[in-house]
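Every chain is named by a letter (A, B and C) in the order it is written, and numbering of its residues begins at 1.
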Amino acid sequence: MWTLLQIELYKIFRRPRTYIAFVAITVLVSIVQLGLKSDGKEYIDFVLSDLKNSLSIEGKILNGYFVCYALLQMLLVNVPLLIALIAADMISGEANAGTLRFLLTKPVSRFEFILAKFLAATVYTLMLLIWLAILALFVSLLLFGTGDMIIPRNGYLVQLKASDVFWRYIGAFCFAALAMTTVAAVGFFLSLFAENSIGPIVATMSIIIVATILSTMSIPLFNKIKPFLFTTHMVAWKEFFDIKVDENNASIAGTVQHPERITRSAIVLAIHIVALVTASVYVFKRKDVLS
Amino acid sequence: MMTQEIIKVDGLVKKFHNLTAVNNLSFTVNEGDVYGFLGQNGAGKSTTIRMLLTLIAPTLGSIELFGMNLQTHRNEILQQVGAVIEKPDVYKYLSAYDNLKLFARLNGKVTHKKVMDQLEVVGLADRAKDKVKTFSQGMKQRLGIAIALIHDPKLIVLDEPTNGLDPQGIADIRNLILHLCKEQKKTLLVSSHLLTEIEHIATKVLIIDKGRKIIEGSSADLFDPTQTIVEIQTTDNAFALQQLQQSNWRNSLQLERNEAVVIKIDKQAIPQLHRDLVNMNLRLLSLQPKHSLEDYFLQVTSGKQHVDAFTN
Amino acid sequence: MKQFLKILLFLTITGGFQVKASAQDMTALVLKVKAKLDAVNDYVADGKMKTDITFIKAPVGNVKVYYKKPNKFKLKRDGGISILPKGGISINMGSIVTTNDFDVLYAGEEMVAGVKTKKVKLLPRSETSDVVLTTMYIDEANLLIKKAITTTKENGTYEIEMTYGKYSSYGLPDKVVFTFNTKDYKMPKGITMDFEDEPKKTEAEKLKNKKGRVELTYSSYTINKGVDDSVFK
């Protein structure tokens, strides 16, 4: 199993395509950082425009923590597309290249094979997130420094002490890892059904885009199905940045306002992953390899 | 010492939806055979070979390799099998060396020396570090064979190994097959849609069409110029077959096709066969001797509509 | 809001007429208080700030407050970000009474936190002043402003309540509670794509009607030791 995983990872990281995603993230993050570095004040004014009328918010709002949050908000919508690029290619790509024939005539059980493939896709996903974390969090902290964090949420403003932020990012990235693994599982599952990689990649992207739109639109009909869409649960990482307050409305360091939302969403996502991987194993074990 | 049965296929059927790609196929490959598997494109060769290698699950029938059930002893069996199915597709973005090593690792531990030695055998040692995308078809085929051979398997399955090769490449493959059989005592299953390609190397031949066995026998017998194939057509072929099965001709019977009964006999025996058929009270429509196996092969397999889920 | 201000103004004026007799004394009292405050040229104070605005979740934070005559004021928070209601600068009493250009009306006596105070109303004469009216509750014996209610044109009405301790001789409070109405405040919207349900309407209304509070508790002052101007930038 370990050998299989090594081989799969070797294949992933020897392919030029793999690095498209890393380059894309680097470019996106750099552009945003550059923009905020030069015109950050205007962005802050825009974000806080409603509040600026009644409140005077002073200090270094544009610090590394804030920039990272802004980056995650923008990028965690796009990263799934980059994950689809590899995950939805895992089986279909091998089928297309004809290498699946060679692989499956080797003395390796299909169960182990597909599990190794999925784990490799997961490792790729995690690497991508770690890279994102390095760029979005650590580089932002280097460029913009640290400080208290202000997050406008729907209906209220949250201020987090600088010392109370870092662990939230760890939580957020762990959650994002779960969310992105779900995306990988969707792409992976779809990759079983095609002998070219474009189909599953486009299908995965379409599913994510459509589901995200449904999750965002506030139309009563869609609201009913929202809780069942995995994209609705993928944004629960933001809950790490909401804080409980005491009876005097002072925030309590180290707390999260709705930990149950995080847990619930994490469970929903985990169920998706398990279901999709199980379905993948089921389908793959019975699949006639005709490619 | 008894010769070991390397492959034993019994009553194999594969259906894709409404289409029967392989229909009640049975055959045996013995140790040391170079087993020629003949049929037109779409006859069911690839489907059969894929079933032997667990790429496709049979609808019905049993497959045994090395005396073990393929379903229950899959990994044990595949450890002793090397195969190249259709095009020898490998990872184009990797070098020959990396490809070979990668696939070899799936069979177990592999050393640098072993990889290089194997590349030497197939004549790719000097191109070891080159990416496969720069390779010619022949070089890819040789790399594919290297992948099939590196773990020293007892059984080697080559599906249309000469497809797309130039005459030199075809000759190389033929020599390699003979070398593997004679020097290394391997058992080989080689498929082709060209009889000429098989007849010089195969020790046994199986011809299939539309998923069914047409004829099976040793090359010596099938290509024996004194032997001939006779196609018998009567008003009731089933009855004819039944009669022949009870007669002295039963060992020469090949199979019953809907339109004919096929029998392989010495040319000299044709008049006797004719007499016997009349004595059996069969209403004989025709009795057609074929000049050669190739004649027959061409007749049954060409010029007909081949519908198969599997077109190569 | 406008209605509210009108009523407030009416009350102020009528109140003013009743006690017109002592207006002169009151001006003297305010000037005395001002003189006391004027003795402080500058200070740096350490303290804690507690923000209680319903739609803001802020931690209790350590602050450093810088003041320099006549009206320079700066509040710095550890971690760098401070959220105050606009016009929050008037947390500082000195700035309330920075000019001499106002009319003083006496509005009677009232108890504030167990201390008898004189209630006076300050009306700026300048048309351009943002402050419309300030009502002060002055502890006459100690010359301390115990409470002040300021109505501004732009930023609504604020109430400031002060508690004094060891710095009372300078007129500097140990604790300042700053109360203001958040009724007209616009609530923030999420930056993008917040999928969670919208806050319920009634809940939002409830939040809106609540008053905002900022509480500053000073632990120490450094008075008249000079403050560099760069701090206020």
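In this section, contacts are C-beta pairs under 8 Å (C-beta built on N, C-alpha and C of every residue); 3 or more make two chains touch, one makes a residue touch a chain.
Predicted model only: the values in this text are computed from it and were never measured.
Visitor: Quick one: do these chains touch in a line, a ring, a star, all-to-all (complete), or other?
Guide: Per interface graph, the chains form a line.
Visitor: Return the chain whose centre of C-alpha atoms lies at maximal distance from the corresponding centre of subunit A.
Guide: Result for the farthest chain: B.
Visitor: So what's the Cα centroid distance for subunit A and subunit B, whole Å?
Guide: 50
Visitor: Can you check how far apart subunit B and subunit C are, centre to centre, with Cα atoms defining each centre and the answer in Å?
Guide: Their C-alpha centroids are separated by 96 Å.
Visitor: For subunit A versus subunit C, what separation do you get between their C-alpha means, in angstrom?
Guide: Result: the chain centres lie 46 Å from each other.
Visitor: Taking each residue of subunit C in turn, which ones touch at least two of the other chains?
Guide: Residue numbers touching two or more other chains: none in subunit C.
Visitor: Applying the document's contact rule, which stretches of subunit A touch subunit B when the two form their complex?
Guide: Residue list for subunit A touching subunit B: 3-4, 7, 10-11, 14-16, 97-99, 101-109, 286, 288-290.
Visitor: Across the complex, what residues on subunit B touch subunit A?
Guide: Touching subunit A from subunit B are residues 16, 50, 53-57, 74-79, 81, 83-87, 89-94, 98, 102-103, 105-107, 144, 147, 309-310.
Visitor: Which residues, counting only subunit C, touch subunit A once they are in their complex?
Guide: 50-61, 75-77, 79-88, 155, 182, 184-196, 198-199, 204, 207
Visitor: Taking the touch rule as given, give the residues of subunit A at its contact with subunit C in the complex, in rising order.
Guide: Interface residues on subunit A, with respect to subunit C: 47-48, 50-51, 53-61, 63, 70, 73-74, 77, 147-148, 150, 152-164, 215-216, 218, 226, 232, 235, 238, 242-243, 245, 248-251, 253, 257, 261.
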